[in-house]
Amino acid sequence: MQIETVNLGFIYDAKKQQHVIKRMVDHFRHLSKEYKIRLVFFTLENLDIEEQIINGTTITGNDIRQEHASLPPLIYNFAMHYTINQIEIMRNLRKMNNVTVINPINRFIQDIIFEMLTTLTGSQQFLLPSATFNESTLTEYLNNKYHTLFLLPEKTFHPPKAVVIKRFRKNHYMICFGQNGKMCGKDDLLDYIKKMMNNKKYILMKGIKYFHWGEGPLEARVYLQKGAGGEWSNITISAKSCIFSKDIFYDTKINNILNGFITNEIKNIEQTLADVSLRICRFLDFHIPFLGSCTIDYIFDEDHCPHLVYVGGFEQNQYLYLSMDPAVQYKLLNNAFHYLLFLANYSNEKG
Amino acid sequence: MIWIKAQIEDTSPLEHSPNIIYVSESLADKLKTQTKLFFGQAEITISVQVSPAIPECMGTQFHDPAPIRFSPNLFKQLLIQESAVYQMHYTETTINIGPVIGFLLGDQHYYYHHRRLKELTYAMGVYEKVGGLFIAFRQCSISWQEMCIYGLYFNYGIQRWQYGKLPLPSVVYRRGFISNKNFVNKCNDLLNWKIFNEVRFDKWQFYNQLKENNILNQYLPETELLTVDNLSKFLNKYSKVILKPTKLSRGRGISILTSGCDGNLEVHDYRRFADFKITTSQLADYLHEGKYLQSAYIIQRFLDVPRINGCPWDIRVVMQKNRWKQWVCNGIECRLAGAGKLITNISSGGRALELNEVLQLAFGTEIDPIQVGKDIGSISMEFCKMMDRTGFRFAEFGLDLAIDQKMHYWFIEANVRPTFNGFKTLDDRIYRQICYEPILYSASIAGFGWEDNDGTSIQHHS
Amino acid sequence: MEPQYNIIPDLQDQNCLTINPNTAKQNNILVQKKWFLRFGIQVLEIKLKTSSRINENEVKLSLSMIDSLNIPLSCRYEIRPVDNEILIGPYIGILVTSRKDYLERSVQYLTSYLYDYAHIGGAVVAFSLEGIDPDQYSIDGYIFNPEKNQWEQGVYSYPAAVFKITYLNKRWRNYFQTVFGNRIFNSYVFNKWEMYKWLCQVPQLNRHLPETTLYKDPKDLESFLHLHQQIYVKPVNGSHGLGIYKVSKMEEYLKIDYDQDGIHYSFSLSNIFDLAEFFRSQFKRKKYILQQAIDLISIEGKNIDFRIVLAKNQAGAWKDMIMVAKYGKSGSIVTNIKSGGSAEIGEITLKKMFDLSDEEVFRWRQKISHIILEAVKSIEQFGVHCGNLGIDIAIDTQKRIWIIEMNNLNPDPLIALDVNNRKIFYKIKHMNMLYAKKLAGFPEEV
């Protein structure tokens, strides 16, 4: 068996990220040529961790083939791994001495992230109180007289969506999913929520009166990446929904949506979003090593102040990814490549 | 020494307030008004002022610490946490508050949280003996710009590890190994850190150390780096040899070769479910195909230990430095391999048993368990002393020993950062001691030695 | 009453319907079978699971399916297996009007259809033609929230059946027929002339129909007045007694009587030519029929005719709901209550008219029912799908029964309120919903 040596590797999901790989091959051909670097794309199913051999797609300039390659020293993970088997492989890969994996995990336990962020100076502005959902935290939050609660999935909202629980009359709550809803007595609330959750973990968050758009709150997703200089930068901001209601991409700027409702005061909310998100990413670097891509989601209150609702790694939502300007999609891939290249040069310089 | 609790002086109005600590009247009598304060890596000149608002308390007991208030600016600089109870030592010119101890975490988890620090939480059971600030962090947690750590600290009040902006500790205890070797050097150079368990020796490195030691070399099974030639040589000499990866522990990656009378070799390969046979001429191919030659492997003569119910067993000795900075043996357990297994690791389905029990099962009455215990203790102690002479800082070892049919001791391997899960099931008291010892030791190293005022509450086990 | 189920969203599992094992048993739902789930006109493939952790009055459904099918969670639903589909419903649409703003103003009054919501169950959406998005198969309308007892605006999916109470043009009729097939009723509104043309072909009904002809030119007036002493001239499509003229042939002249804007007009014309000229100025471009005037029975100088309301039930069978006698204003040519008449329970009037015994009244009533049910069946045979009807009949001095008019546009059971019978008023509306429920796939189980 001929085993090729490659410089950089990229992990993708064969089922859910065909859209990524397609564009990637096109773009990376040029990069491979320009920097005289060999690349490999592979799925975890085609990685033999014991042997450290990949059966993947190699790119050497215009030459693209299916072949065996050795594990490259630098790997960028675009995929999200669910099965116990996949997670174990990623753990082993991450712990290997001779390999660095960027974004080894693309979904995080949100209450841990939120807890980390409580110690970021100024985070009270955008961070709502939250806790792991259970009977005692539900009771606590209801007793806190929060008029609204958000119930968010612990790790991803893909497929589960967020649920809004609103106080309605005395001892009654509306459990809302987008525009749909169900009234529930206070005494039945816990039982009903538990049934919906199927024993999966959820996070309880203090809710707000949010800026409404479409069927639920307007959501902004800020995309951040480390690039050629190794520093975080803001790539783009999408106006969309996908956490609280159906996946919708709005081809409109957040600023335009929000400012359309203010006549005299024009706030640059996108600038605020970018600034806050950069601070979050730089802070997370202290707690989570090898982050390369981040998506950070916010909703807005009635004064248009952003509130954090989700932190993820590389974009996993195919629909949102493809709805973005192709130039931005290119940028996301390009940054992944250049960040790995930066790390390669950095470790070379250090010898 | 007195126990203290740090508070922020909230009446102090200035943002850039001078560095002042406020104490009760009687405490002020004992302190100079101008003095140097040491906390973790920080060293700050401060003045001491009396505040009548502070209740009189001499801090003689952990549960009744003397409150000390810090001017806001000082509090911010020191990153001293309000939840902690500290020891405070003072001299004519200095005040020492601490200890501030760091645990350098490894790659076991991608990111850490209270619920992923169960063993450390357990170790904090000894907190009331030492007090101080315990910080769990990773390599990436250090802000070189702000010279602080964004990590987790143990909040004694709520018994939970919490995130925070934290001071740089004076002593670092390495809990797991991480890929970047430059890091430890950088920390040593830039931070003047005392890092324990700073290096990891692999099996081959240990072998070479031990070989030079006149006492220990008699317990060493013959070992060589794996090459086709070396293996052939070994197989001519011994009927059974074992191949071990130098860097992996817990029985991962091993292969055992037994030469049969027909000239064939029986192979027990960790990758295969069933044993199989090869001829000696196929040996090179086998090594090549299995990629044994590509990664670092050692060959060792396979030790034939007396079986218990057909299962092999070995001895795990836990050596730790105690609060008097001495090596002590904190536990001996025997590990019985799972049915059909040739390796004894608990993680490979083995079982933990008491030494006495095992010796009786294996040797009957012809062996004196007390003598065996002593022998094991002195071999282990010799090993630790030898490792101290390397100049690296070690604080604990897990040593694997075996006893063969002829009651000869064999040294199998040593682990710098061993797991002690076997003790958890065997004896909770021993397990607790093993968890506590590094805390007490690191406090001593940090200059806040454990005060032996009620030695009864911690049983010392040897 | 059929068991009804609360839907609990399943936030985790995809494409799953989870029910209690007993629910499966009671509804004859075979778990291993490959099922589709239907809500309204939409169908999705599902994985069916059973779990005893789900109560017997609950079903659990993946949130993504609830989203795609747009199932309101505040409602309680019946479930029914039909072939390889599990129906969840009923999901009934009420097409109220053509315009959104009118719907917004009137939607609250539709609650009168749902006074007995418990027996209807499911989701009821009120919508306007303007709210329909044919590309998305969605409607911007109002769903009845039984928990809050109010209508909630939103974008919803197409219902399983439509009950319409407004007028549709041909384009829309085609569209609704395409989408809903026979699951819409009163789609086509027939007019007076059509009714006559259809029913006069049925021998047993012919004698109950006043002679009628379509007015095309003055010659028709001449020939019709030649046959009848008194005729009515009525707009083909009108209702509520508007635009009706009575022409009486006198010895020397023709007498015209009509009501307009609350004023009763009565004057003479000397000949047919003048009459035609008058009508030409009045008719504009509308079509009119000429109808033989019936010699109505009158009491105290007030003309009397009767309005009967028919409605189909959940089994699809016609029920005669009520008969109300309408007393015209003294001297008025029409008996419409809005024109100042009064009303009385039909049976009482019958009794007064002919001085009948209770048993005779009952037989009269049965006879009337029989005739109009015959008429309705015939109308349906001519291709009009009806669910409810208002029928005007008259009884002449010879005790003959005449069918004057049948109305399927939006026959208003308000007539029941005119005789203070609220119960029947709500019952008729309820019956309309039950018939819609049958069409939506939930016929009364026998």
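General remarks:
Letters A, B and C name the chains as they come in the text, with residue numbers starting at 1 for each one.
Rule of thumb we're sticking to: a contact is a pair of C-beta atoms (placed from the backbone, for glycine too) under 8 Å apart; a residue touches a chain by one contact, two chains touch by 3 or more.
What you see is a predicted model; the values in this text were computed from it and never measured.
In this view the innermost chain, defined by its CA centroid being closest to the centroid of all protein CA atoms, is A.
With every chain reduced to the mean of its CA atoms, the largest distance from chain C is reached by B. Chain geometry summary: the mean Cα position of chain A and that of chain C are 55 Å apart.
Centre-to-centre separation between chain A and chain B, using Cα means, comes to 36 Å. Taking each chain's centre as the mean of its C-alpha atoms, chain B lies 85 Å from chain C. Residue positions of chain B with contacts to 2 or more other chains are absent.
Residues of chain A that touch chain B in their complex: 50-51, 94-97, 100, 104-105, 108-109, 112, 115-116, 118-119, 283, 285-289, 350.
Chain A contributes residues 153, 159-161, 163, 175, 177-183, 192, 195-198, 200, 202, 215, 246 to its touches with chain C in the complex.
Taken in their complex, chain B has these residues touching chain A: 107-108, 110-113, 138-143, 149-151, 163-165, 179, 182, 271, 291. Contacts from chain C toward chain A in the complex involve residues 6-14, 53-54, 58, 60, 63-64, 66-67, 70-74, 147-148, 154-155.
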